[in-house]
Every structure is written in C-alpha cells, then in structure tokens.
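Have a look at the structure below, then the notes.
Chains here go by letter, A, B and C, matching the order in which they are written, and residues are numbered from 1 within each.
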C-alpha cells in the first residue's frame, strides 16, 4: 500500500448551509444545462455511483444504499453534522476555497471549522471588479480602486481565479497580451455606464485587464479548462487548453505561476502544457470524483506527460460536501492503485512512488501556493 | 457474470445480398479512401481480427482461422444461410436500419426475417429530398411535398438521420439556426435547376432546412460524429462533436432528442455533450467492433462522463452481417468485463451493474425511440 | 511471451559526443521551453523514471538508483563506452537518423559503429535549402541547385523530413497544394535577399515547395505531429494531425508514402488517418519512452484504429543514448504486455500476435523505407 499524506485540495467551493430534499440534492450532482432527461436521473452517473459508494459509510449506512435512504439519513443527522462527518472523513488537511460563488455557502473559515482543517481563500477577479464598481463613481476611481483591491486581495488570498462562465479562454485565445491603458479606460467606461449593480464582467478588454492585474501580483492564477469550463453556458469548443497557449507564452518568465484546473477530456493536453512551460501546473482532481470507477484510468493518463512536481490534487467540490469527500476519497484510492501497480510491475521503485504520492497529494500545492508562509 | 438482455442495435445498415470473394469481402471491412496499401491487408486490423475471432464459430469453424478458409465456408453455406447464422448468433432483439444507403442491401423487413428480430426504419433526410425532387416540378411544389414527406416519414420511421458524407457538421458549426423561408426557397430553386436526377443534397441551406424539419417532427435525430463521419470524403477536421454545440443549444427544450453516432476518437467529447444537455444522447457501439480487443478500454472511457441513461448501443454494421455480429458480440463481452471489473473492485454494486447493462444494451433505446409504441 | 525481432528505429537523432554533468544531462531529458520550475526536476517525469529503471543495469548498477550515482558511473565509463553499452543493450538492428539537428552529434555511420547496427540517413529539407542557398548566387541558380540537391539526397537517404520547429503543419493546413513556379521564385528571392548565412527557412511558400519537392522523389516523407511538434516554439494548437488532412488528400495516389511521427496526445487521430488513407503511416514509439510506466496504455490506444501494417516503431531518441535505449526497451516490454494480454483473453491468436509484433517492430519499416534495397 502506497502511503498518501493528508491532502491539500487546491480548488473547491463552499458547501450549502440548507437542508436538501432528494430532487434538490440530485440537481447539484452534475453540471448540466437542464434537469435530467425524462426517464433518467443524475444519480445514474459515475458521480452518483461514487457518492453512493463512499458517503453512506461516513453517515453509518452500507455502501451503495438507495438515494432516498441516504437522503433520509442525511436529514436525520442534519446538514451540519452530516457535513462534519463527510468532510472530516475524507482525509483533507487544507482547502483552497473559491469565494466568488453565489448562494448560501460556507466561506473558508466556516469550512475549516467544519472539516477541522486549514482553509485559504481563492479570489475571483470578476467579482472583485463588480464589488469595486459598486462603490466607484468614475472610471479613474474605478481603475484606481480596482488596482488597490487586487493588491489588497493578493496579501490575503493564496490565488486568483476567474469564473468558468466568464468565457476568458476564447478571449485570451484571440488576444493574449495585456490591453493598453486607453483600451482599458474605454472598456471600463462602457461597462460602468451599462451595468446594473452586480452585473457580471464579460467585456473582453476588462477580463484581460483583470487577468493581467493578477499576473502582476505574482500570486498563482487558476484558469479553468475542460468541458465543464463554460457551465452553465457549456462551450465545449472552448474547452481545449491549447486556446491558452499564447497567454501561457506571454506570461512565461514573469514570475507568475499558472494552474490549469479541470481539463477533462483535455487532461492530457493540460498535462502536456505543464511539461512544456516551467510556470504551468495542472490539476489532478477535477475529473476524479466525476469519473468514479474510472478515476484510476484518468489519473494514469494525466501522469503520462506532466512532470510529477507540476500536478496538484483538487476535489472540485461544490455545494454538496459529498462532492468534496468523494473527490478526496476517489483520488486517494486511484492514486494508490495506479502507483502501486507500477511498483508491482517493477516500473517504479516503492520509494519513488511514495515520494510522488506525497508531492501530488499535498507537497506541490504547499510549494506553489506558499501555504507554509500563510496562516 | 453480468447478465445483459437481448440488444437493441440503434444504428446499422442493410447487408449485401450478393456472394463475395476474398477481395470484395476485405474491401468492406474498413472504411478507407482506397484499397489497402501495398504489402498490407484490411484483415490485419482490429476489425479483421474481431471478425476472425467471433464469426468462424458461428459458421462451424474454429476461431482465428485464415480469411481464405472462412470465405470458403461462407460461400459453401451461401450468403443467405451464413447471414442467418451470423445475425441470429449475435443476441440482437431489434435493429434500427438506415435505409438510405445505396447498393443491393436488405431492408428492415428482410433483415428482421433473416435475424428473427424486430427491425425499424431510420430515414435519411437528404434521400427523402432527392426522391421528392424527382417528382416535383416547381420550388413551391418541392417544398410542400417535402414537408408532407417528412411528416409522413415521421409516422412510419423511428428516427431521422443524414448521410455522414453530407458534411453537415461543418454546416451546422457555421450556421446552427434554421434558415429563413426566403433562403430556403432560393436554395431549393438553385438546387432543383442544377441537379441531375439522383444528385445529392450538399447545399448548406437545404441541409439545415432538412435537419430543422426533422427537429420539428419530434422524432429523434441521429447525427454522425467522429473520424469516420465524413467517409469516403474523410474530413477528420469535422469529426469533433464540439462543432455541433451551437446546434445542440439551439435545439434544447424543443422536445427533440439528438443522438450522436460514432464519435471515435472524440467519444469522450460526445459523452460529455450527453452529460451537459438533457436532449443529447451518445452512441456506444460504433467504436466497439472496430476496436476489437480494445473494446473494453474504449467502452470504459465512454462510461466516464455520460449519464448511464443517455448511452445507447449500436453495431454500426454495414453491408457484411459479420460487422453486425461482431459489433454485438464484442460489445456484450466488453460490457461484461468493464462492469464486472467495477463490481469486483467494490466500486459498483452488482445490482447497479446489471441495471446499467440493461439500460445501455436495450432499455435506453426502447425509451428514446419509443419502440414499444411501434410495431 | 511474444517474441519480437530486433527493432528498426524509424526516427532518431544522433547522440552527444561530449561528457555531461548532472544538470546538462537533466536538461536533455525533457523538451521544455525552459529550465525545470523551482522545486522540481526533469528526473521526476515518466522519462526520468524510465531512464532510471532501464539504464543503470546496462552500466552495471541496480535499477532506480539515484541520478547522481548514475551520472557518476556514466562519467567513470566515459561517454563512448556508456553509449556503446546503452545502444547495444537495446535490441535495435537499424536506425534511421535525422541528420539535420544542430550540435556535436554522431552521424549515421558513427551511430552504426557504436551500436553495432545499420544506420540510414533521413534528410531535413530546410537544411538542404540552407546549404544550397549558401553556395547559390541567384534565384534561378538556387532553385536549380535545390532540385539537384533533393534529387541527389533521394538517392542516398531513405526518407525526407522537415524540422518540427518549422511550423509546417499550420502552413499545410492553410495551403496544402504545391505553390506555383512564380510564387516559388518570388519567395526564394525574398528569402535569399533577407537571410543571414544559415538562417532557417520559415517562408510558407518555400516550405511547401520543399515538401512537394520531396513528394515528387517518391521517397517517404516524415511529418512531425503532436504536442512536442513545435518545440522549442511549442505550438500545441498545431499538434492535431487533422491539420494535415488536406495535404494528405492532395498527395494521395502520387506514389509517395507519408509517415506521421509522434502524435501524442493525438496518437489516436494519427492512427485514424493511417486507417483512412492508403499512403499514410503512423509512428508507435515517440510516446513510449516518454510515457514510461504508461507505455502499454498508450500503445494499446494506437493499436485501436490503425491497420497493423501501417504502424512503425521509433525511439524518438535525441542527444542522450539513454533516450534511444529507453525508447526501445519500453516499447518491447509494452508490446509484449499488450499483445500477450490479448492472446491471454482469447481475443487474438498467438500466431497473429507474433506476426503483428514482427510487423510493427521491424517489417513495416523495412518495407516502407525499402531498407533491404539499401546499404
């Protein structure tokens, strides 16, 4: 058995504070443009099966029990206690939490308390821009306050990201360079004049300005890739991380580190980018909970091209603590199976396998996000 | 052992009525732009090896016998009897037959008799247009008769499709929306003026009109994707189902169901579209006979992302009953191996595995095509 | 155990004649746009682990020993003796050597002597153009001398290729046809006027002229594909061999044979092109050394679509004899494992498996490059 240390989950979202019925629980399992098709259920997916395998035992039930039985037990325990058991049972030492997600969700501190773990903040750039716009009367004030807010966030957070639905891969594919100051002023003026309070940033020039402002701070920048990247908009034609190549090239040597989140079914392409560029890192976890029984197969593919020091686990957990737990538990088992198999074949030494397991489970994330210098 | 019920083959073509020599048999095994390269044979492919593994025993020979020996036995039995043994030996309860393929092929009724199975018709839209054009003197008559023919076909057939060589993925990628009536009239006029009798529809506006006419009927629409999609034209640059994303989005919520056929090597992308959009379904079978000894590997990949209620088996069989048989036999073995492996690992319960096997083998197709309401 | 004959390595480069320290050795292991990221090493990759598994025993050390120990032993033996042991220990009967790579590298003759094997030359077209330009005073002289040089090279070499960094996939994707004589004269004039001695050919018209000149000779033409294709430029957006489809179509039936090198992570797409077009062949080896413990998995994927008579091994070895050795040793083990597994499953016969092993290891390359008519 390969020993894996407690995990660092490099990307997750908060968990819902509200009790959930069967239908509302099911609706959170899968990212889809709509309700399940007639005659089908989201429980009949790898994610659904993985939840039914791993979560019932954490709540005192047998694996693979029926969804209704699981939900009844979950309500019996209450949302707080069931969340507590799920998160504490998954072997995660630290969470990096995207705080820019709408909904009644736990923030990093509450998640840390529930899970008895550390938690750090990942700041969403377009949300920062929206908050600044709410309190800035003019374009120059907006841009100055935005610069100040990004600088301030960089001191408190461990990474920046941008919402997957913002469509920035296509934007960066067309124009990877930072926009000029005049362009930015023009775009900011048009956006401020047009926006309702809280309106999302979709202007290509402003998105590029935000991403390049994050690059300038030196903090890691997490970029969403893969087929789920554009949900709920779902733009599979923007899923290929190759779209980001020119942005990757433009940011090389500036001291920033890029982390490509997700990537499935382009996970091999993301791994290849991590091999080709010193400042690029790839994500291991997002496909794992989702791919359930196939997690070891997908993990093995990611381990083909990427340097082992450039791969970082994440659960991709969002809204349901089940997804955080399943991401971690499936990953740990898949990692043990893949690396253990290579040791068994004589392809890897035991010692190397344990060293790589420790790197991808936690060590790489601690180094890239400088967690040991934080809180 | 996972039990799989008799299969529903959601896409195949008819089988040749003529006796075949070694060379003509070989030429049907693989979809290629030309004859085998000097020094090579199409028997030396996964398809060829799968035929040699599975078909000789159905004709009373040992597996893996030489092609010449197999062909001699096939001629000895005759094309009718060998077809009968091959189709009845493959465990298929119902075939959906694309009737728009040229050549001396069996139609659904004859295939049903030969195989002792049910058979249903899948209508090719561009062929319908060509038949209507043959008997329509003016543009208004053509368009009215076409509407009538599509309506009529929708009552008799279980699905519409469009020839893989029609190049519609690129057309829909550029213009997903239905064309306006004026556009359609103009395109119909130009096509009618230009066409020789029997000339294929390649006009982008007419293709879009046909596809949207099919959508309006509410019948499922099968769309070819994947690297074999454009054969014999072979346009690998049009193989990615992501090209269809905007058409998928435009047809969401209209009540139509889309089925993405084929998909290899983009089968994970097709599965991902089936996960993202409630009305999209993906095909399981087309890669399986072709990939032979690798079928379990490819099948496992398709089972990563797609909801299990959205996956449908097909043999993709065309012209040779060997291809129908191999598609079904390889699929059944691969499904048993993949799901049985997951049960063995503890990842899935036995009961879930048998339930999913029944869904993808037959139940999903019966629901999507409403076979139990048909004949 | 599947018996595999001595290999023909259809693409490699020469090996360095100079002694290497730990850092310079590490820098050659992986094709990257820069040095390893802080806190990481290129030894922590599948390539690095494969080198540490397979090479130490050839130099008398235990597998998986530490890099520093291996390098010390390598220096102790000297670059000549260690190269001799590595190449002779890898079971390769013949090398096809790309002689257009800069650096203090062994040529085919020296490699043959060191390895006790045959070696043949693969000529880089753009290098030929540069050599001709150095000694041609006018555009007409340049074009006449170039035609002569290509003709001359075709008699001595076994194949043509073009540098991966020349960016020709994008060029051919935009304009697959041969350029007209006027275009070529204009492009040659501009390039000759502009170039410093030794300046690389990047002009799209000249590149197309070179490639089509090679096609006209009837010698096989090797084309780089895949994510490493554009290194050090690294253009992942040009990695998909689908870019070459129109060039493939334009060269069909002319008597030339195309060989798609590399291909990872698009190796399935390359295999599919080899299935679709009689004159296209695909490469087996480039991903294998690089993917190390995952080689059997990648190899199995390539064996899905491609006809077995169209697949050719290569090590992709460059600069370090370790990479030539690892490519061959990893390939041989992966091939035995994949084909042996299919025999064990009953999917293939033993006899077919040994026949296919002999084809992909050596026989196909001997036929495609007509090696038995050479040297």
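By our rule, a contact is a pair of C-beta atoms (placed from the backbone, for glycine too) under 8 Å apart; a residue touches a chain by one contact, two chains touch by 3 or more.
Nothing here was measured: the structure is a model prediction, and the numbers come from that model.
Chain contacts in this assembly form a complete graph, since each chain touches every other chain. Where the sister copies subunit A and subunit B meet, the same residue numbers recur on both sides for under half of the interface positions. Matching CA atoms, the turn from subunit A to subunit C amounts to 120°, rounded to the nearest 5.
The distance from the centre of subunit A to the centre of subunit B, each centre being the mean of the chain's C-alpha atoms, comes to 37 Å. Those residues of subunit C in touch with two or more other chains do not exist in this structure.
By the touch criterion given at the top, residues 30-37, 39-42, 44-46, 49-50, 53, 63-64, 227-228, 231, 234-237, 239, 264-265, 287, 290-294, 297-298 of subunit C touch subunit A in their complex. Residues of subunit A that touch subunit C in their complex: 241-243, 245, 249, 252-253, 257, 268-269, 272-273, 275-279, 300-301, 303-310, 342, 345-349, 351-352, 356, 359, 367.
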